[in-house]
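Following this line, the structures themselves.
There are two complexes below, and they share subunit A, which is joined by subunit B in the first and by subunit C in the second.
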Partner chain A sequence: MKDDNVILRVDDLRKYFPIKKGLFKRVVGNVKAVDGISFFVRKGETVGVVGESGCGKTTAGRCIVRVMEPTSGQVQFRRGGQMVDLLALSKHEMKKARQEIQMIFQDPFSSLDPRMTVKKIIAEPLDIHKIGTRQEQEERVKELMSHVGLGAYQLERYPHEFSGGQRQRIGIARALALNPSFIVCDEPVSALDVSVQAQVINLLSDLQEQFDLTYLFIAHDLSVVEHVSDRIMVMYVGQVVEMTTSKSLYTNPKHPYTEALLQAIPIADPRSRRDFRPLEGNVPDPSNPPPGCKFHTRCPYVQDICKREPPELRELKGMHDHFVACHRAEELELQGIQSRTAVSRSS
Partner chain B sequence: MSKRALSSILTSIKKMPPMIIICFILLFAMIAAAVFLPFLEAIDPYTQNLLGRLAKPRFLDPASKYVLGSDPIGRDLLSRTVYGLACSLVIGALGVIIGTVLGVSLGMLSGLGGGILDNIIMAVAELQQSIPRTLILIVVVVLVRPSVTVMIVVLGVLSWNGYARLVRGQILSIREEEYVLCSKALGASQFYIAVKHVLKNIASPIIVLSTSNLSSIILSESTLSFLGVGLQPPAVSLGLMISSGRDHLATSWWLTIIPSIVLALLVITTSLIGDWLRDVLDPQLRHGA
Partner chain C sequence: MVERDKLLDVQGLKTYFETDRGVVKAVDDISYHVKEGETVGIVGESGCGKSVTALSIMNLVQGPRGRVAGGKIMYTTKGGERVEITALPPYSPKMRAIRGSEISMIFQEPMTALNPVYTIGEQIAETVCLHQKVSKKKGRERAIEMLELVGIAAPSRRINEYPHQLSGGMRQRAMIGMALSCDPRFLIADEPTTALDVTIEAQILDLMLHLQEKLGMAMQFITHDLGVISTMAKRVVVMYTGHVVEKASVDDIFYDPRHPYTKGLLASVPTLGRQERLVPIKGTVPNMNELPKGCYFSPRCQEAMDICHQEEPPSYQLEGDHIVKCWLWEQEGVRLP
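And then the complex of A and B:
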């Protein structure tokens, strides 16, 4: 990519969890949670990551912010006009870089320390990076709370006094404390009620505009991702199978797995009847994935080549920004669905 | 601590159940007696008076010279009980401090450090747990001449493994919480996480364990003294008094019963207060109650 606008580029990222057995903890195999993913994120955009549970979305997110050490690969991040490999940074340099990359967590109940007041929770990033005096930190916390729609009177409360949505707002305020440019949102709304999900998502998009943020938005729900993402990446058993703009992913999917995911989105219309064929079988065991294309065991369009050769992620000819990992991408006529964003926004 | 947290702790102190108030009054009375009575009491716990042997306590014989009676060689039972209580309190309190500090630091080392260090520490803890505590204590006090200091150190050190296991277990579960991941993502050091998140969250189980250990250390000391391998006469301890009074149980029951009641009260009050403290220290229970 010659794109100047790229803020994050991930190259062949892998995270294997060794399976140890026996008295001497011999390594007998690896769970390949993330098995060589590559993608890039442009400044100011939101890239959605979707896939079933266990496909490695969360692990990938955690490797990017280096909460987990990946097995191999590169995570290039733009700092001061230069791309730096985060994984090669020393502990000290990494700590500085961390100010720019933050994470919003999935579970608003476990992401806030139950013994800390909201003030302390939101001030924690400032505390760790030793920014400001107590007074200044408190001012900053109040400012952040108003950004996320919380009142300063709630400063001294404990997390259990808040609802799920409010807790997630606290988590968002904490992520904003250091003025980051890039935020990994790890299923930030999947633990919330549907009505609250919308509020939190709208808050995230408002903040994105206000502070010029870039999001990597991990979710397992396509309808949530569609709403917020500029581009969407679909993962299956630790690999990227398709990556393109939201619109073209919905209307013109090129990977059979994406098609299956789209077909599984419920339609809020009781009279709608459609030919729905759910995927058969289960997600393969990531410690022992099938040879060839990992999706071939469940793919309705499987051919011999799929069982032998793993497909590369490639950009489709004549289609800008549409990457897919399928041998038959060009020949298949896959069914998309009508993008509902336009409909729901106008109504 | 913030003002709001402080005020909510104050409210829960105001809402203290009557049972706990009684416990506190009893405990403070015992501590005060142990601290001040040795100065006020004219009668020394070691002074023998062969003419006043086995005197009845005042509540049985109003004419008695001794408030709580006297023992077979005419020593004042009241002042001996108070001395014994002081001795138990000192051994219990210092023993708990030694055990807590040692156990919590080893447990944190084990839980946060992991690896081979974790294996070694836990192996030692398990080894110790597989040998009855009283047996270890008897062997140690036979090898070393038992004194108050020896009792404190031995009982304190031997109680480490309960804390270490508790702390390690708590750390293993807290380590996976997302707020710890978040601290890591912010670049916090292990030490910061240990102090700011882990210690705060494991404080209340440690307090509960400490108070229950306080009573078990006091009981262990009494057991050893009762068996004759703890503190040696003429030292005064509740266990020794219960043991020596046993020979006269049929005729002078107060020699055994009075120190036993004091010991039981001490153990019950500390455990109940420990339970209550746990509830007060937990912000979630604090508001629920």
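And then the complex of A and C:
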């Protein structure tokens, strides 16, 4: 697809972790954490990534920022009007590119150095990239702190003096320090209490508007992902099974796994309905996935072809921007969440 | 209501912990009850005292630093006797008989709650042998029966496996099987699905609803997840910083909440299919060592009045069985002692 708006294009990204055994550490197999995913992100949008634990969503995020080196694939990123393959960059060039591509982590307790003051934590990226004098850096840190709703009087404090929500704000300020255009948010609100979670979600969306940011938002909580995302990608055992706009995904899912996820979420409404049988079994072992479609072992609509041939991710005919990897996508009539919220709280 | 209908009756319970920075009132004067066969949900954020309440019921509050400082917990046994749990020594024979065969508990993290060096079967059989005084062989049979009940395939093979050989969902099933092995009449579930993926969570919630229907036990379901509460509970107790701030039927809590904290919680959760901006509660949960004056929620409350910053509000009874601890209801509500 030729689209001037595309800021990130991932092509057949793979990350295999070798399983080594014996005295000579012979490679006896691979955990295929990310097994050939392709997608693109347009400038200014939020793309959500959902899936259960072990589906490869975090690994994919880390490979894109190159915190982790992928096994193969391409990550094209727009820099100054040009698409550059991040994976082909040298260490030095990648360091420069990181000014524009940053990451926010899940656990605000382990992602901040306990021995550094807030000022040092937020100024660290500026230090590394040698930007500004001490004086200018301090001004910048104060500015960033006010952007994320922290006071300048907290400058000299240590991480343990802050609550979980405030620590996540510090992590966000650090990610913003270099004026990035793209941020990978890896479960940024999962560790927070419900009331604080909403504050951070709102902050992220305000910052997006203010600084024209693009987010890749990784989370396991479907309600949160739906709330923040323009488009959503659903992953299962290292692969993308469905990708489309939020609305379309939630009202008109085309992959049986997406349907199962939507029917499984406990909705905060006692009058909501849940008459769907939950999926049976477990997510398969990514070092030894089943042949054919990886979901076939749990799929209620399975047919012979699903057990033999892995389905390709393809755009559905007549449905713009709706990609799905299922042999039976056209014929199945799947249920969205509207089937569950026939009676809504506002009525 | 007749006292006898109440399987569990918590009256003005206070559970305090001595710390280096003073006394932490983890649970401070809370009252609620659970009737036979019903599910009461306890909802609140971290530090609200929901898990300490559970430990108090099990009489497992760790001394000498932790203690029940006031109030009492009454429990009605199979034989119809009303026992004051809080008056029993934690390791007395009577308490041991109640714990396990009358009241049972399941935890959030089955990997830490199960013993890694014993097989699943041994652990379930141990519980059964201990409480029902049966032979090892009988205990083993019961273990197989329980695994089958909680939907584990090939139970006679599975009982010989260790916890690490099972997946997270399986472990939680095994723990439920163990908790139910002595036919308890009351089950406390403390965040039993928080560590699980959403499709596995749905399996476990379904299983628990199904087992409750089949076995007729009462449940106290503790969670921070409003979605889980609305699926499981008939009545809901909302806790904040050691207090019960609101108690009502699940329908009233979600459709007619009266406490500003409950309203705030509901507005904070994203609802599927609606992308409008969330309305968070401002600020954060206060530190239990530095609680604010007056109502503990007042610094975060949108509707706080002068009195809220001065004096702790009493609880008011509103129409139905709706109880709220908030000064806003001084006019309409009936003040409870």
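Methods note: the second predicted complex is superposed on the first by the 335 of 347 C-alpha atoms of A that agree within 3 Å, B and C clash if a C-alpha of one lies under 4 Å from a C-alpha of the other, contacts with A are read in each partner's own complex, and residues count from 1 in each chain.
We adopt the following convention: a contact is a pair of C-beta atoms (placed from the backbone, for glycine too) under 8 Å apart; a residue touches a chain by one contact, two chains touch by 3 or more.
Nothing here was measured: the structure is a model prediction, and the numbers come from that model.
J.: Touch check for A:160: first (subunit B), second (subunit C), both, or neither?
T.: first
J.: Who does A:190 touch here: subunit B (first), subunit C (second), both, or neither?
T.: Once the two structures are laid over each other on A, A:190 reaches no partner at all.
J.: For A:287, decide between first (touching subunit B), second (touching subunit C), both and neither.
T.: The answer is neither, since A:287 touches no partner chain.
J.: Now for A:269: first (subunit B), second (subunit C), both, or neither, which partner does it touch?
T.: Only subunit C; A:269 stays clear of subunit B.
J.: Which of the two partners, first being subunit B and second being subunit C, lies in contact with A:94: first, second, both, or neither?
T.: A:94: touches subunit B, not subunit C.
J.: Identify the partner contact of A:67: answer first if only subunit B is touched, second if only subunit C is, both if each is, neither if none is.
T.: first
J.: Once chain A of both complexes is superposed, is A:220 in touch with subunit B (first), subunit C (second), both, or neither?
T.: Second partner only, subunit C.
J.: Compare subunit B and subunit C by how many residues of subunit A each one touches, and report the one with more.
T.: If we count touched residues of subunit A for both partners, the winner is C.
J.: Within the complex, which stretch of subunit A touches subunit B?
T.: Result: residues 62, 65-67, 94-95, 98, 101-103, 105-107, 110-117, 119, 121, 124-125, 128-129, 156-158, 160-161, 171, 174, 178 of subunit A touch subunit B.
J.: Can you name the residues of subunit B that touch subunit A in the complex?
T.: Contacts found on subunit B: 2-5, 177-179, 181-188, 192, 196-197, 200-201, 283-284, 287.
J.: Subunit C touches which residues of subunit A in the complex?
T.: It comes out as residues 52-53, 163, 165-166, 193-199, 201-202, 205, 220, 222-224, 226-227, 246, 250-251, 260-272, 274, 278-280, 282-283, 337-338, 341, 345.
J.: Write out the stretch or stretches of subunit C touching subunit A in their complex.
T.: 45-46, 167, 169-170, 197-203, 205-206, 224-231, 250-251, 254-255, 264-273, 275, 277-282, 284-285
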